[in-house]
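In what comes next, chain A is part of two complexes: it sits with chain B in the first one and with chain C in the second one.
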Partner chain A sequence: MTETTGVRGARMSHSGGTSGRPALRGGQGNASPARRQRLQAPGLPWILPALVLGVGLIYYCIGYTGYMSTLNWDGASPNPESVGLNNYVRIFTSDPVFWKAVWHTVVFFVVTFVAQTALGVIFAVMMHSRIKLGILYKVIVFVPVVLAPAIMAPVFRQMFSINGQFNWLLEHVGLGALVQPWIGQESTALPVIMAITIWQWTGLTFVLYFAAMSQIDQSMLEAARIDGAGNFRTLVSIIWPSLRGTTVALAILGAIGALKTFDVPWLVTIAGPNNATQFLGTYIYQMTIQLAHVGYGAALSIILLLVALTIAIILQVVGRERTREKKGAR
Partner chain B sequence: MHLPFRSKKTLRTLAVAAMVGMTAVGLAACSSNDNQGSSGSATKGTVNWWGWTPTNTDEAKDFIAQFNKKYPDIKVNFKLIGISDYQATMRPALASNGGPDVFDLQPGSYVQQFGTYAEDMAPVAKSALGSDWKSKIAPIAVSGMTYKGKLTALPVGSTYAGTLWINHDLFTKYDLQPPKTLDEWKHVCQVFEQNGQGCFVQGASQEGFDQDTLQSIANSVKPGYWTKASKGKAKWNDPTMVKTLSIWKDLFTSGIMQKGALGAQQYPDANNQFLTGKYAMVMMGTWYTQYATEKAMTEAISAAGVAGAKPFPIVPIAFPDVAGNGNTSEMFGDADYGLAVASKSKNRAAAETFAKWIATTKQGQQVIANRLDTLPTLKGVQPDFTTIKFVDPSVQETPVTDLLKKVGSVNEPRFALLNADIENAFLAAAQSVGSGSATPQQAAETLQQAAQAAAAANG
Partner chain C sequence: MFEVRTRWGKVLLQVLATLFVLPFLFPLIVMVQGSFAGAGWGNYRAVLGVPGFFRFFLNSAIIAAGVIAIVYVVTMLASYGFAKLHIRAREVYFWMLLVCLTLPEVVLLTPLFSTTQQLGLYDTYWSVILPLAALQVPFAVLLTRNFIHGLPDEMFEAARVDGANSMRGFLYLVLPLTRPIAAAVLIFTLIGAWNDYLMPLVFLQSQDMQTITLVPQFFVGEFSNDQTKILASAVLTAIPEVVAYLCLQGLFERGLSAGAIK
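On to the complex of A and B.
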């Protein structure tokens, strides 16, 4: 009862119904509704703290990072040297590790996104087919999502070491010829990192696709069946197109996740060997913390931010255009 | 929920107050604070000590307990920070007013990066040891802790590398002698491999330990060249370094270096594999002396994951003459770590008392010496072998005591002359040559470019 009265009281207060501010109201007697709303800004006091926090902690820090990116600074010296855009020039013209990190990010995104999408859709379709012990499978697929990489990293280091369980398994199934130091050589370190990531995040992809599939109109599926579509045809022509929104969202999340990748390559391979698993996130950490090139690291961070924003915008635009085309076709 | 605001004016006032408050908090957090600390009492107070070593907090507690026998009114709190997190933790902590009173420093990049936050400890050393204090402390430890004319920390102990440690039992079991040349080393590893036993293990993904091996090889190729190049008086792309990197590559191709070394870390991977008997040789320095003792060895094996740990005798051997030039590789070393007193400390005098006690008194240094983890820097203090129990004194006592005597004459630095950029370049060179993605010549050229860039950046 008190709650109801309270809500009502608050509503009245917002509309100016209580004794609030007669002078202001009188002064706005002839103002248009839009202008009045703008002047009154009834929600502003409520959002101000969050606004200040958001602007202060996020945008101020981005701005400050931008400023730091113009410095040659170790993060401690009281007299940082201003170098203008030199850090950016160095990154783009004479830093092979940066380009290696970019390449790894692209490969990582493509491979993990395709694999996670394929596995996520397959698992979701299987779970929708009312298999026995479905809940158990769902839990098994989803559990890796909630495991912290810091906990799993030592396990993977052990598993993929030369004397690890993965090589032991290969030897015991007659594939001893494939035994190799998986995280100790450039050619296989990145695939191991990608495999771990796929293992970790497929559960999330699966859950989102599973939910999205629940929204598909059953009558469409039935109509397809009546028209003679088999399982594969239904999956490709009915289910998959209906999941476009989820796929776009996952692509955006995957792309930004790839750009921010840090924990797994750092904890499992320390971004090595020989930068074979170097990503932008690990490189920024190395430059900023280990080598104390705070200005250079800040420039890398700004580039990372711009790339993430660009990718998010492109994927959003592409997603919207596709949706519009789809609606137009209907 | 009913909010008891009587008017929008009240609301706005509160909102503005909240905004001002949060802005103030934000600005306070972002702004720098140059407050200097205060001296306080030299015999009373609380001292917060942060460091990556002693890695065993019980060891730190033991130091503190011994210190408190003399200074019972100074409470010392030790906070252990992992070496991999040390830089990330210390930079903001030292810049703030909430950082430590005493903190660990090691020669090289740490001294260069964090020395600006430390008090000059030369007057403290002078007050403790007299005007000729430099002659009473291992010179290599003093030079390593000195940066731009300032003694950034009082050196507590020193460590030396350039040795291999072997599992004596495994060598005896397969009737093998410690290798003295590259060919003998290859032969030893072949025998071990034929018997399904790992030979040599190294965590080649970590620059410090790669540097130790490379410096040892370089000392075999041309003694003293590495130090000369570290001082900028010789070039890293000289044939000496190309030869050094070629031998490094040979360690990989000849099967001396274990498979997957480039992805392994010295700690915990290589250390655990040696302590669990999977490999018979490891590249470690004097800090490994502690594992020659029964107690520390048993604890270490247990920590490596072996139930019912049974200690085995480990023995230090000289790094083989891998270049075949007849040069026994000289050892090299630095101050292991020193204790710095933060300029912003509010208990500076008490902090100085603590650092001074550990680094410059015989009691403090004896505690350090008896641990065998790091060697005392105060001259005249030696480990008390009457209280130290080796796993097998008959095979360990002579080589270990010989090693401890030998390091007294070492004058070649380990990390002190190198900054973080060059150390990073060493890792890149070691890994690219080890993996075959660069030739020794190419890697040496890259190393020289990195050294030149670092020299230019540091003026």
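On to the complex of A and C.
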């Protein structure tokens, strides 16, 4: 990568100086009459490495996946059978596990987003209220963001096992009746996965809200107080509305994150028991790598990609309209 | 934010905050306490005694360094091009890049698998570094372009009038002025590469190529599911990350926040 830069750099400096400038001006004068445009050098070579790497590699993979999604292929046989759109038809009409995975993704997104937002705002408000040991608390809440889920997975497997520390804790605080095999049964496996995710990402939500709250105009808060608003009223009517931009961004991030979920359900519950923690990522992995249904996995991948794109576009548009409305109202 | 005047109110707030923080501390306590169960420090000795344990750290470091280097160079060049240079149909290219933001990495598995095998890159660092870099670049470019966009055009024009070509503008204006955003890009690329699990899982098969995220799995085989030693290995692999965070708290928080918000 550096080599290419060096070569281009050398060429640039040759054409630079007084002799190079009139040529540039002549070349771009027709296309863009603005003075500023004439002063700009052509930028295509500069973005080329990013396009080759990002667009090249990724679009190549998407195209390849799209092609494979029309095959009935085990990933090894030299003559895969072409089946047209059959994989897609099968996914939508006769694959209960796919719909299960979709449902889990939706539940997962709603629960983790609401919980992280609530916890993030609560922590941010508390840390802004001059409590003692604030820095220590912040570090404790933020450390999980830095730790790799793959490294924490064995810890959670141990913690939520039948003889694990979570059950031990329940017994010692007088909730012994709740003791159960948390990750071993269908009803509680998904909540455990969601709890782990909330544990992991609340720190980031909190730091973002904390920063956003520092931007709130103090005089507005004082004015509200003078008008007789209590702490709760201030939170609902002034603090929360001014955090909207952060909340929208976190919603986009959370939705795409939910679609990408893989590490935690794979390593903590292996997508089970009985598909109880199956997500699209884990399902694609199982189909493609473990069962060698490469064509089917590719069709699932394409669906996942389209859903992710659609959600990103919808949320982006909604987010923009909201901001515009707000500006208009003022 | 909140005004708490009475002493009882202050105590109540402190108690509430502590109660909310404790669940976040609990798994960390479980991890450390579990790693000392049974043989105590012996667990750590056993883990550190495994030949090639540091190899995992070295591999993660090599991969993270490779990803960071590629992302930094490519991002800086592209962001400058997008923000300050003339490109026909610039927005088209930009949106093509942005689409990659939403891409789940699991989608890349099969095509990369067969392609890396054909190119002989399978089971090399490149098979992990290149896709990870490709996935990080769109976001880094988005962030850095916005930052460079905020730098005054007049500065670049002045440089140009004084005879600096775009390469000099890049070296003497863009690189020094983008240091704050470069630090953010560096941190979220580092975390993304260091913590990634799926790519090394699929593309690195030989033992001496594997990264720290594959350590727990390795020890499940090595110690036939002896939880205490697996937890000891988890603590050891977590330590560098926690130490790095504690040393560069502000940078980590800003970097990861920048990574989350557009």
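Quick note on the criterion: the second predicted complex is superposed on the first by the 293 of 330 C-alpha atoms of A that agree within 3 Å, B and C clash if a C-alpha of one lies under 4 Å from a C-alpha of the other, contacts with A are read in each partner's own complex, and residues count from 1 in each chain.
Operating definition for what follows: contacts are C-beta pairs under 8 Å (C-beta built on N, C-alpha and C of every residue); 3 or more make two chains touch, one makes a residue touch a chain.
Note that the structure is predicted; figures quoted are calculated from it, not measured.
Student: Using the superposition on chain A described above, determine whether A:284 touches chain B (first), chain C (second), both, or neither.
Tutor: Touch partner of A:284: chain C, not chain B.
Student: Scan A:197 for contacts with chain B and chain C and give back first, second, both or neither.
Tutor: In the superposition, A:197 contacts neither chain B nor chain C.
Student: For A:49, select first, second, both or neither according to whether it touches chain B, chain C, the two together, or no partner.
Tutor: both
Student: Considering only the touch criterion stated at the top, classify A:184 as touching first (chain B), second (chain C), both, or neither.
Tutor: first
Student: Please indicate which partner A:272 is in contact with in the superposed arrangement: first for chain B, second for chain C, both, or neither.
Tutor: First partner only, chain B.
Student: With the two complexes superposed on chain A, say which partner A:87 touches: chain B (first), chain C (second), both, or neither.
Tutor: Neither partner.
Student: Where does A:165 make contact in the superposed view: on chain B (first), on chain C (second), on both, or on neither?
Tutor: second
Student: I want to verify the contact counts: of chain B and chain C, which reaches more residues of chain A?
Tutor: Partner touching more chain A residues in the overlay: C.
Student: May I ask you to decide whether A:105 touches chain B, chain C, both, or neither, giving the answer as first, second, both or neither?
Tutor: neither
Student: Have a look at where A:64 lands relative to chain B and chain C in the superposition and call it first, second, both or neither.
Tutor: Touch partners of A:64: chain B and chain C.
Student: Would you mind listing the overlap between the chain B footprint and the chain C footprint on chain A?
Tutor: 2, 5, 9, 13, 18, 20-21, 44-46, 49, 53, 57, 60, 64, 75, 289
Student: Using the touch definition from the top, list the residues of chain C that touch chain A in their complex.
Tutor: 1-4, 13-14, 16-18, 20-21, 23-28, 30-31, 33-34, 69-70, 73-75, 77-78, 80-82, 84-88, 90, 93, 96-97, 99-115, 130-131, 133-135, 137-138, 141, 153, 156-157, 160-161, 163-168, 170, 191, 194-195, 197-198, 202, 212-216, 220, 227, 230-231, 234, 237-238, 241-242, 244-246, 249, 252-253, 256-257, 260-262
Student: Can you name the residues of chain B that touch chain A in the complex?
Tutor: Touch residues, chain B against chain A: 1-3, 5, 7-9, 11-12, 14-16, 18-19, 22-23, 26, 30, 87-88, 91, 94-95, 109, 113-114, 116-117, 204-206, 258-265, 269, 273, 278, 420-421, 424, 428, 431-432, 434-435, 437, 457.
Student: What does chain A use to touch chain B in their complex?
Tutor: That would be residues 2-3, 5-7, 9-10, 13, 18-21, 44-46, 48-49, 52-53, 56-57, 60, 64, 72, 74-77, 157, 161-163, 180-186, 189, 269-270, 272-275, 286, 289-292 of chain A.
Student: Inside the complex, what are the residues of chain A that reach chain C?
Tutor: Where chain A meets chain C, its residues are 1-2, 5, 8-9, 12-13, 15-18, 20-21, 28, 31-32, 36-37, 39-47, 49-51, 53-55, 57-62, 64-65, 68, 75, 119, 122-129, 131-132, 137, 139-156, 158-159, 164-165, 169, 199, 202-204, 207-208, 211, 213, 221, 225, 231, 234-235, 239, 246, 249-250, 253, 256, 259-260, 262-263, 267, 280-281, 284-285, 288-289, 294, 297-298, 301-302, 304-305, 308-309, 311-312.
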